[in-house]
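Please find the structures below.
After this come two complexes, each holding subunit A, first together with subunit B and then together with subunit C.
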Partner chain A sequence: MDSTQLTTLTGVIDKKMNRQLKQYMDICARCAICKDACHQYVGTGDFKYLPARRAELIRQIYKKYFTKTGEFVPALYEARDPDDNLLDELYDSTYACTGCRRCMYYCPFSIDTAWILSVAKAILIAAGRGNEMLGQLADAALFKGDNVEMFKDVIVSGFKDIEVEVQEITGNPNAQVPVDKQGADILYVALAGAHSIRPAAVIFEEAGANWTISMFEAANYGFFDGDIEKARLITKRFIDEAKRLGVKEIVVPECGHAYRVLELFYEAWSKEKMPFKVSHILEKVDEYIKDGSITVEKGLLTGTVTYHDPCQIGRNGGIFEQPRDIVQSLTDNFVDLTPNREQQWCCGGGGGIVAMEEFTETRLDRGTQHTPRSGYRCTSGHRPRGRSDAAQGQEAHARIDEPRDREPQRGTLRGAPFASSPDSDAQAAAYRTRLGSTARGRASNHKRISQ
Partner chain B sequence: METYLWITSVWGIYLTAVVFFGGMAWRIYQWATTPKSPIRLGMFPKPKTGAGRFSKMLTDTFIAPQSFKIEPTMWLFAFAFHIAALGAFVGHARLFREFPILPELLGEAGMNSFAAWSGSIAGIIMLVGVLYWIGRRTYGPFKNLSVPEDYLLLFLLLGVIAMGDHMRFVYGDIVHAATYREWFMSVMTFKPAFPAKLLESNVGISLGTHMLFTDLFLMYFPFSKLVHSIGAFSSNLVRSE
Partner chain C sequence: MSDETKVDLELDLKGLLCPLPMVKVSQNIGKVEVGGVIRAVATDPGAMADIPAWAKSTGNEVLQAEKVGGEFVFLVKRVK
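This part shows the complex of A and B:
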């Protein structure tokens, strides 16, 4: 292959090389224990989605260009150049990965395939094969960061509209969605869309918090795309804002990656300590309930209620109990799914995959959702499949104490419906209404998933 | 036969020792000198204390409870194989000297029969384990995932085990540990010589072939995925960082 291209691509690996990556490259036993951990492999049976295979593509380049044995006897390792064939497969296996790290949980050596794929993304970007959609969304976020004055009026007027709704919901004519509030304690960084702003605003107002809302959104398409510099700059937009306003705490919304980026990655990227605390909205709500800042009414939810641990705040973020406590403050009929907590399946929609049309099939073919056996459905837009290993995945996933025979309703347990699901608008609307009523403290049924 | 033995079981051992220890040292040096990822890659829940993390690492490395949960059959074979390999490894310590504890407890004859049955069990388990892995690698996703390195290692290991078992099951009654110890210690003390008993019987061929495979296996070891035997500790430690 073209030698400048080759130098560029191997250069990326060289630049990204660290002890973990090197060990992951050197020690994988290709035992394939990880195969049944990955919802995409279980759902599709497609070899390119087997976690170790995804990593193997990087290993093939590594062996050839970073080890003597691979250089002299490439055939032994099937070592090869990052040519078009390799990059084609790499693109699919890399951008489809939701970064859930369930494979890492089960691997006997704790190999972090998603971490290896972060190198794969850097290679793809260097080869001009990064995901176009994610790249554009990241650039748009950066453009907004650089030209915030240009967008300010539109953003603020959007917040004003929501403010009116918040006033209606809370019955408090002075309720606000404050922007740019100097001296606020909390900077809430929402997602783009009222569904992510209104409920939090109602809760902050009800709790009497001294808060303000960020002009920027928490979602980080730079991170999804795998361009770490962009990811850092996208985060930096609201880090700078938080510093300028002098807040004590940044609260991120449901978006799990946003939480992980902020809590676990940003300091390493920027090489500076953050002068504020980072909380997830669920931690905050739990705190408010426990300290009495907000009150919730138990018993308004009918039927059994469960909670599906999102990978990025659960296994990868360490928030397990607070969401359960919230649900249990709303109902006595809480039941955990099997598996749960750090073993929970990926919902299938993470890592930016919902923004990439080309992976819709892969995303839908996951076959590991709770439905129909349990009558619960953890995420929207997924449909069951008849493949045998898919059924097996379902079995593992679907055990729950009290199976329900009602037709499951499309709904989501934890947050925004996915943008690409066909009925997402209707769903979003329903979701908004439900959240609105929750906040009013009368019909707190936004956790209801099956009725 | 003497030449064969000299090549595989004297000079081969010296070469293997150099390549193996040098290779492992090189591998560890490479890992140690590559900077750690600035991002912590741990997953939750993680133990709060350093001691907790360390003991979780040991559990994850030696017991791999998560792997057991997802693929019990594979875990069973892998666990049995590794324990047997460890047992066989410890058993080979008899080549250095008789460790007094067991013989004292069991008596000379007791020791020999203990070594005979424990070694035989280990030998059989390892053989079964390797055959299982070879079999597993012949179908489905396991086949697609496998590369020649995997087969090479398993083939070499099969050679080591088969010839070890051959010596044990065919010549076990004729040649005892003391004879092998005489040869092995002569190699270790750089005064290599073969006891007459080894040269007289055909066991020499078996020993030579056992050593041939062992030499090749161990020389390749540091350059293969089998460095997981040392890498597993630090990569499992990263899990709770």
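This part shows the complex of A and C:
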């Protein structure tokens, strides 16, 4: 690696360096509590997915170029150059991470590994090693944003097809999917697919909302890719649209990262106060049910019903009760999963990982495991695919009934054995209680971080 | 044009939700030679903007993008 490239890569850390990052770099005690928090490490047992190890790669560069001890005695302090080997390791560790931040929740020092990995992504992009697929998705989104007239006809045509379906579902021949409606109260920013437009359109129609749909999608592949400038520009497209239309509220769909970017990051990135409220679609539906704008019929759902907290709106966004209230308005047979709320496992599919073919096995390996309080056992069942639901269920149950492998992995971070304790969950819980931390508090903390 | 164009690879993207149709086209474009053509059939209407936008931003070419019944049919030429 030549000196120019080295300066570029260390300059990324220098630019990102603030008190928070320095603390994250200096404070890790290598207790490895995070190993039981990461679904990828639990699922694969692969050392490179251990959260502390993922962050350690950045820490090694930090030690070499930002500490005197690491600069002068690198071997003793595990300081490393960002050479090809390190960057290869960094790529696998970083882009596989779904950004669920469950490791941060269990870390006794609240080290935000996902944020450290945002620095890692910036380094990889500066080294020309960013994820190609995420980069293409981000560039395509920006291209659509810069050339909206080129795509307007096909996008609106798609909305009109969905409008027909909404009319059939609601029984109202005048139901609309309004586009570019000046003076609407709500701008709904959907995903590109019809699956996130149709249900919301039905609900807005039934609630009698004064709404309009955005020409842009909420998903932010710039954020997944780790290119914050692209992430800001992708978000800015519909921020400008919302300003132009004069809406009072932006509602985003199920995409949790879209919600988090908009609610927690955009103001810091753009250094401007948004003149409208931001809501997640589940908050809006809950509001409509509670204020009587829509009515729901209890009993249509049969059997036991549960809810899996999505990481970005749950642990990282603080939205826990509204979705449960929605489900419980539909059924008396609601059972919470264990764990739940801020402790919930990642589903394994976030952070853009579904678009990265090289991590397919990592994503699908074992999946996450849950135990509803009823005693009924189930799994999110990422495997197997392409089979009937019944077959999936049988195999999933067979798998989870096997004892969960919690044997020590005996990996080491500088000699410290990762001796897995059978009661490490209890230890983590004790740490959490002592620190008195909450997901909402942590979300607020994160909001103060300017990326 | 579709009747005259030699197709080198067929992709069945029916049932996939956006952006996966675009992702699949991108993942498979390297499987055809430069100048080769992929014929992709999707059902998510979002693909009608996604795939042409991907092609424009990556320097490839969409020869055809049309709705046929409830499906969206694309002919994508690998340019580079």
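Quick notes on this structure:
Convention: the second predicted complex is superposed on the first by the 368 of 451 C-alpha atoms of A that agree within 3 Å, B and C clash if a C-alpha of one lies under 4 Å from a C-alpha of the other, contacts with A are read in each partner's own complex, and residues count from 1 in each chain.
Note that in this section contacts are C-beta pairs under 8 Å (C-beta built on N, C-alpha and C of every residue); 3 or more make two chains touch, one makes a residue touch a chain.
Quick caveat: nothing in here was measured; it's all calculated off a predicted structure.
Once chain A of one complex is fitted onto chain A of the other, the partner contacts of A:357 are limited to subunit C, with no touch recorded for subunit B. Of the two partner chains, subunit C is the only one touched by A:142; subunit B is not.
In the superposed model, A:155 lies in contact with subunit C only, and not with subunit B. By the document's definition of touching, neither partner reaches A:303: not subunit B, not subunit C. Contacts of A:178 after superposition on the shared chain: neither subunit B nor subunit C is touched.
When the two structures are aligned on the shared chain, A:191 is found in touch with subunit C, with no touch to subunit B. After overlaying the two complexes on the shared chain, residue contacts for A:74 are found with neither subunit B nor subunit C. In the superposition on chain A, A:106 contacts subunit B only, with no contact to subunit C. In the superposition on chain A, the chain among subunit B and subunit C reaching more residues of subunit A is B.
Of all residues in subunit B, those touching subunit A in their complex are 27, 30-32, 34-41, 43-46, 60-61, 64, 66-67, 69-71, 74, 78, 141-142, 144-150, 152, 223, 225, 227-228, 231-232, 234-236, 238-239.
Across the complex, subunit C is touched by residues 133, 136-137, 139-144, 147, 151, 154-155, 157-158, 161-162, 191-195, 217, 219, 221, 354-355, 357 of subunit A.
The part of subunit C that touches subunit A in the complex is made up of residues 17-20, 22-23, 26-27, 44-46, 48-50, 52-54, 56-58, 65, 67. Against subunit B, the residues of subunit A that register as touching in their complex are 17-24, 26-33, 35-37, 47, 50, 52-53, 56, 67-69, 75-78, 101, 104-112, 115, 264-265, 268-269, 314-318, 320, 341-343.
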